[in-house]
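Chain lettering (A, B, C and D) follows the sequence in which the chains are written, and residue indices restart at 1 in each chain.
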Amino acid sequence: MSCPSTQHLKPHPALAGLETQIDGLREVGAMLWQRGWSVGTSSNYSVVINRDPLELLITASGKDKGRLGRTDFVRVNASGKPTSDGQPKSSAETLLHVVAAQQPGVGAVLHTHSVWSTLLSDYFYPQGGFEVSGYEMLKGLEGIATHETTAWVEIFDNTQNIPVLADQVAGRMNDAADPLQYGYLIRRHGLYTWGRDLDEARRHIEIFEFLFECVARRMVLTGELKNNGIV
Amino acid sequence: MSCPSTQHLKPHPALAGLETQIDGLREVGAMLWQRGWSVGTSSNYSVVINRDPLELLITASGKDKGRLGRTDFVRVNASGKPTSDGQPKSSAETLLHVVAAQQPGVGAVLHTHSVWSTLLSDYFYPQGGFEVSGYEMLKGLEGIATHETTAWVEIFDNTQNIPVLADQVAGRMNDAADPLQYGYLIRRHGLYTWGRDLDEARRHIEIFEFLFECVARRMVLTGELKNNGIV
Amino acid sequence: MSCPSTQHLKPHPALAGLETQIDGLREVGAMLWQRGWSVGTSSNYSVVINRDPLELLITASGKDKGRLGRTDFVRVNASGKPTSDGQPKSSAETLLHVVAAQQPGVGAVLHTHSVWSTLLSDYFYPQGGFEVSGYEMLKGLEGIATHETTAWVEIFDNTQNIPVLADQVAGRMNDAADPLQYGYLIRRHGLYTWGRDLDEARRHIEIFEFLFECVARRMVLTGELKNNGIV
Amino acid sequence: MSCPSTQHLKPHPALAGLETQIDGLREVGAMLWQRGWSVGTSSNYSVVINRDPLELLITASGKDKGRLGRTDFVRVNASGKPTSDGQPKSSAETLLHVVAAQQPGVGAVLHTHSVWSTLLSDYFYPQGGFEVSGYEMLKGLEGIATHETTAWVEIFDNTQNIPVLADQVAGRMNDAADPLQYGYLIRRHGLYTWGRDLDEARRHIEIFEFLFECVARRMVLTGELKNNGIV
């Protein structure tokens, strides 16, 4: 990871003491870009750095995720606003990070844009989501102990009105009867997932992407246009 | 391979003197993760470190295989139990490693989760397996000297009851009339293969994955939903 | 990036002082080759080094883009000719770089050859291009602020007569009613795109390639031979 | 490229002075293995080190091509035999390298095993080969100056009788009326190609693999089971 153009910049004082978390996010970015899941300056990543009041360290808007520098981050509060002036602009989707981070036990939130998640989020949008069922890899989602599990991947319509989308997502997360878990897709856009810490969120990305590729390639391989789930 | 979070941990005394084997498995893990065959902390790997009584060095449960640290290993006995207290938990599938390692001439066992192996293990499960026939790459399986060979890839149903599965697999390995060879698939789960040493087991992974991709892409390319094997 | 065979060569005096731009193009080349978009010595890249009169730094003809050395570049003028004698031959397609660089605000031009761009440029050639519509990743093209956008990807027929093609492209770029924007394809050949600087051009490559893969894989996945655009 | 297990071995005296050529082949091997075209110890590579009498430096049999050590090579003569005793066994296919190297102007020969070449060599075998036509990337084959070219990719049946196959190939190379050029496929096995030097042979591998992927993916994308060539 070489970022010569930013090495001489001095990180904003709001980032002081956060070097470990910053470097963790930079390493995740390099990995996700390499896999092709965060190309073209897409995606954004965050970790919780304060719980009460909630504060997140989040990627600044429009940065190349494969080459994040130490200054390419913003410290934001529970309203998604910078905690102090003079920081770079945070991602337009910061509120989606806040909403996830407000859930109990969430320490990191990752958002990526892969080809398979884009295609499945479009294909299954009319039915609101799709089931992934019976795969051993489901056990990589925290708390799942058997492949005899069905995970529902919910799909929200895409919008540039992030506050409205954040409200919708929060509603589903706080739905006591059937809460949204692990992650969700935005139509023709990408995946949001999270975890207790950055390693768990990263694992969830890898698990979801593996499962998405299985679901999509299975459709091609078997000639079935429908997933074996609810369709 | 950078593992800053584990570098300060001291390996358990049971691992003393095994640094070469540990680093060999760490390098294999980094490679298999890079290929996308061991993502999301899936997979587990082992080498035989004592033959009589049988002892294995095996990956600890739930570790990121692309970033294994020196402490992410367990020394287990022929019952799949740690040889001494205080070691990390070994993989839930340790007994499947033991069963393979008990075969004559086996020095290393690798288990991976690829997309193609997951899909083929599902597609061909109803017929118990599938044939791979006529490919030059079959010669990469130890002891095969011509492409005019048919390898049978057996598929076991997935289960969380590993002792029962281990018995099934052992039964097929010890079937004098038609012993299971080289490797096998678990349905919607992944591949087990082995070799005389870690290099041979690693070669077998590469050979199987290449052949699986050929079988699956051939089905897509030709529009035949059935493999040219027994179906 | 190791280029032992060229390290001992002395760059031509015309390249003096351009080391930063040269190394930037070398790094982009290594990345694009790694992705498989610039293999086999295909592709060519340029940056504007003087605006008035226009001068470009461009890759020399026939070099391996994954291993560009410091001497593998040429300084050319607005006619696509070397600014001084003794420089290596520039790409046969230099005039296509000049035409793009003559547009206001263009600082870098990248041309790549990917499998997906090759296939789509062939498939949609009879209708002159194709639409890409509704994807969040469209926002990675400079100036696009919403996924509710339709980008038209125009396709020119391939030819070895570059001056004629350059005139055609220039005509479409300068078409006041409906100017060609962001990039275009040449049939069975590849992609041209550009940006304010090298980082923006590189981002546009990543965005286009992501979108091309989406369009093509969607056709395979859904079984629709026609894109959801104009066809 | 780390090869700790072989670093302490002393290269055979027959390899003295060939370090540059050896390291060139090691670098090519690491690249081809990374692309997935030389996995499982498949493939073999050679360069001409003496023209009269003909001598080749060729990879030893059964080595991991991603991790070639300095001792993993053999010096062979025009009969494909080691020039002196005590060297490792050369590839079983050494005579196919000799046959190509005997052509005028050939300085390096590369043989790889990719998934796409395996599949196309099987699919088009009944008609003896296939045409690749109209792609700009054809210009990467030495001496081709326009995309308006049709390259014939000939396919030989696979066999373990290499002397017989070598005679067949030599016959086609020396066919004055219609000589085999650039490379050929062996059914369900892989690609042979060559060049004036190692860089040109490597370029030819990249060009052929790109074109094979185009031909195969085009068949999947368009739903045509037949290539647009002669079928």
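Operating definition for what follows: a residue touches a chain if its C-beta (ideal position, glycine included) is under 8 Å from a C-beta of that chain, and two chains touch if they have at least 3 such contacts.
As the structure is a prediction and not an experimental result, all values here were calculated from the model.
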Common touching chains of subunit D and subunit C: none
Residue-number overlap at the subunit A/subunit C interface, same or different (half cut): different
Distance-maximising chain from subunit A - centres being C-alpha averages: D
Interchain centroid distance [CA atoms averaged], subunit A/subunit C, Å: 31
Centre-of-Cα separation between subunit D and subunit A, whole angstrom: 43
Touching two or more other chains - residue numbers and ranges from subunit D: 220
Category of the chain touch graph - line, ring, star, complete, other: ring
Every chain pair meeting the contact rule: A-B, A-C, B-D, C-D
List of subunit D residues in touch with subunit B within their complex: 36, 39-42, 64, 113, 115, 118-119, 122-123, 158, 160, 186, 188-190, 216, 219-220, 225
Subunit D - residues contacting subunit C, complex: 134-137, 140, 145-148, 199, 203-204, 206-207, 209-210, 213-214, 217-218, 220-223
